[in-house]
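Across the two complexes that follow, chain A remains constant while its partner is chain B and subsequently chain C.
Moving on, here comes the complex of A and B:
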């Protein structure tokens, strides 16, 4: 059964009863929240996602108002991971964004069965593109544009590399868009479904983009890495790929990984195998149309 | 239903790890959460390695991840201990590792899959100043604490304020005794330092003798006000006792407890280990333990400790847990210092503007 097959009422009730189990890639998440905005966000962005039977869940999460007298003074929300809250409370209207961050935190902090790099992953024709990127480099915008132009999204924040076979594993979860990129994506892709924005977060305004049905439907299909590309948006720049040193790419991904040093020698081997399998490029762009065209040529080359 | 029965399946598999082969998916869901919350997941994951084929597929990645975390921590603590040994090489006294670091470096039974927070050290009080100076030169600083905290630690406690490494962020707790200076139970570090044994391949570093390892773990757990790691510490004690148990060991343990004035926490440790983890403690050892609590107090203390031990995960908790945790917290402070020091200290902590960091 898919989440979208539940009525709005059923979804709210299940969520309030701690009876909603969402499957995102290899993980089953049991979700608990009394908040209508969380139910609405899930309905808007996760409708294509399958529900789990709930016998075993990888993560148990809750988003709701904190206890204590403060909640009567200023409405706040908090995130709980199986009874523990790793974050400070946030303003109540950040509830859905907090759930998304909390889900990322669950994966990044626990799924050490994978090497986890801070990078977006997309796939076309069986070949995967890994895009590390510094904050502000335009990684999420480019990821969103590529997904909406036919690339399959595996992940926009966490690249999961299976330690058993070195293949990339998908999560298929929504893309997190920040500030100006929310409007840019909406203008370029009028059909894109974007959730309610959360204003004044630590990342500015944040809104999440619904993954394409293909990305969700084929989430279990692992992908073979083919390219590591470092995108950078620059005003007026012509879209252009240029070679990037593999050694430098290795160091960059290793130092921006979630668990590279934790995995020790295995982390080194997995990251080295990734670089061996990939062509590494820098990519500079200013116009999304040009960027999408360059990547389409890359995929058919 | 008592705390031990509520903590299933965690208690069952701690007593008998092979039972992990027979759990269904629903039980695994509970077990991973209970064990994760209690800080025992990596330990179970190491014990489950031999059973891997009989463990359901969705569970295996969690156990592999937990083993990875434990392996990394063990490697890191060994590396860090070498740094400490190097920094303190100039001291002409033994430097003892305590608790987790001692288990890991000496390959003791609690070590496999055990997670660490800080590295605990014990040095003679006369050498404390030199030890602090040498560690500062190597990058550890007693920083991030207010002047009040500094005074509190240095004047009343049995340890320096936590020393944090400037670059790596690792934390050392440098002790000069097992319990605070002001503790209601005065103990002495001399016999512990004298009985320590050197670690092979780690010049300058020592671990306490077997009996003192047990006594320190017991007094740490049963004088503590925070019970978040209570069950983890009890599992340490169980592993030590099972490994050391022998006709010669038990009488030595009791006489050492009498000498160090630690009979009471030892009694609680033996009693809880037996009831919670089925540790084979001979009846006559419990019956002849020095400083046993009066008979009327025992059910009361059991009720308190049982709730403290069961507090690790919400689905183990039993009625009265909140009150019990509060009483244990008060008890921890009561044992730490006399009222004339404790009341001003608690008032200061309650009224300070910045909440304590730990």
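Moving on, here comes the complex of A and C:
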């Protein structure tokens, strides 16, 4: 059963009763929230996702108002994982964004049976593109544009590398758009489904983009790595790929990984295998349509 | 490097190093510390020698001179700095 097959009432009831289990790639998350904006966000962005049977859940998460007298004075919300709250409370209208950040936190902090790099991953024609990117480099904007142009999204934030075969494992969750990129994507892709924006977060305004049905339907299909590409948006720049040192790419991905050091020699071997399998490039662009064209050419090369 | 007291160097067992190279750029992993380093080609050459077996300074300098096509004196000077760097990174230590 998919989440979108639940009525709005059923979804709210399941969430309120701690009876909603959402499958995102290899993980099952049991979700608990009394908040309508969480239900609305899930309904808008996760409609294609399968529901789990609840027999086993990797993570038990809750988003709701904190306890205590403060909740009456200043409406806030918090995130709990197994009853523990790793974050400070946030304004109530950040509830859905907090759920997304919390879900990322759950995976990044616990899924150590994968090497986890801070990178987006997309796939086309059986070959996967890994895109690390510093904040502000335009990674999420480009990820969104590529997904909406036919690439299959595996992940926006966390590249999962299977320790047994070195293949990339999908999560297929929504893309986090920030600030100007929200309007950019909406203008370029008027049919894109974007959730309610959360304003004045620590990242500015944040809104999440619904993954394409294909990204969700084929989330269990692992992808063979083919490219590591470092995008950078620069005003007026021509869309251009240029070679990037694989040793440098190795060091970058290792230093921005969630658990590279924790995995020790295995992390080194998996990241090295990624570099062995990939051509590494820098990619500079300013116009999104040019970027999409360059990547389409890359995928068919 | 002192010619009067050539020392033999080795990789400390706890370093358990791993190595990969791409396009003549060398990356090493220190298994004990969990640190990753990119080393220069001469430093990589010396460390790879030591990963095969302990070696004395004369042997290392000769390998360096051959690879760089330079004189032994020049290689010897470079080796001092390389061994100091490898020792600082705990990839190499003199045998007692």
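Following the convention adopted for this analysis, the second predicted complex is superposed on the first by the 301 of 301 C-alpha atoms of A that agree within 3 Å, B and C clash if a C-alpha of one lies under 4 Å from a C-alpha of the other, contacts with A are read in each partner's own complex, and residues count from 1 in each chain.
The criterion applied here is as follows: a residue touches a chain if its C-beta (ideal position, glycine included) is under 8 Å from a C-beta of that chain, and two chains touch if they have at least 3 such contacts.
Bear in mind that the values here come from a model prediction, so they are computed numbers and not experimental data.
Q: Looking at the combined model built on chain A, do chain B and chain C fit side by side or clash?
A: Chain B/chain C on chain A - fit side by side.
Q: Could you tell me if A:193 is touching chain B, chain C, both of them or neither one (first, second, both, neither)?
A: neither
Q: Who does A:264 touch here: chain B (first), chain C (second), both, or neither?
A: Both partners, chain B and chain C.
Q: State whether A:19 touches chain B only (first), chain C only (second), both chains, or neither.
A: Touch partners of A:19: none, neither chain B nor chain C.
Q: Go through the superposed model and pick first if A:272 touches only chain B, second if only chain C, both, or neither.
A: second
Q: Just chain B (first), just chain C (second), both, or neither: which does A:108 touch?
A: It touches nothing on chain B or chain C.
Q: Just chain B (first), just chain C (second), both, or neither: which does A:247 touch?
A: So A:247 only meets chain C here.
Q: On chain A, which partner's contacts cover more residues, chain B's or chain C's?
A: Of chain B and chain C, more residues of chain A lie in contact with B.
Q: With the two structures placed on a shared chain A, what shortest C-alpha distance in Å links chain B and chain C?
A: Result, nearest C-alpha distance in the overlay: 7 Å.
Q: By the touch definition above, which chain A residues appear in both interfaces, chain B in one complex and chain C in the other?
A: 261, 264
Q: What does chain B use to touch chain A in their complex?
A: Listed in rising order, the residues of chain B that touch chain A are 24-26, 28-29, 33, 36-37, 56, 58-59, 61-62, 64-66, 68-69, 71-72, 75, 313-314.
Q: List the residues on chain C that touch chain A in their complex, please.
A: 16, 18, 20-23, 25-27, 29, 31, 34, 36, 38
Q: With touch defined as at the start, can you tell me which chain A residues reach chain C in the complex?
A: Listed in rising order, the residues of chain A that touch chain C are 245-248, 250-251, 254, 260-261, 264-265, 268-269, 272, 275-276.
Q: In the complex, go through chain A and note every residue touching chain B.
A: Its residues touching chain B are 26, 28, 55-58, 60, 82-84, 110-113, 163, 261-264, 266.
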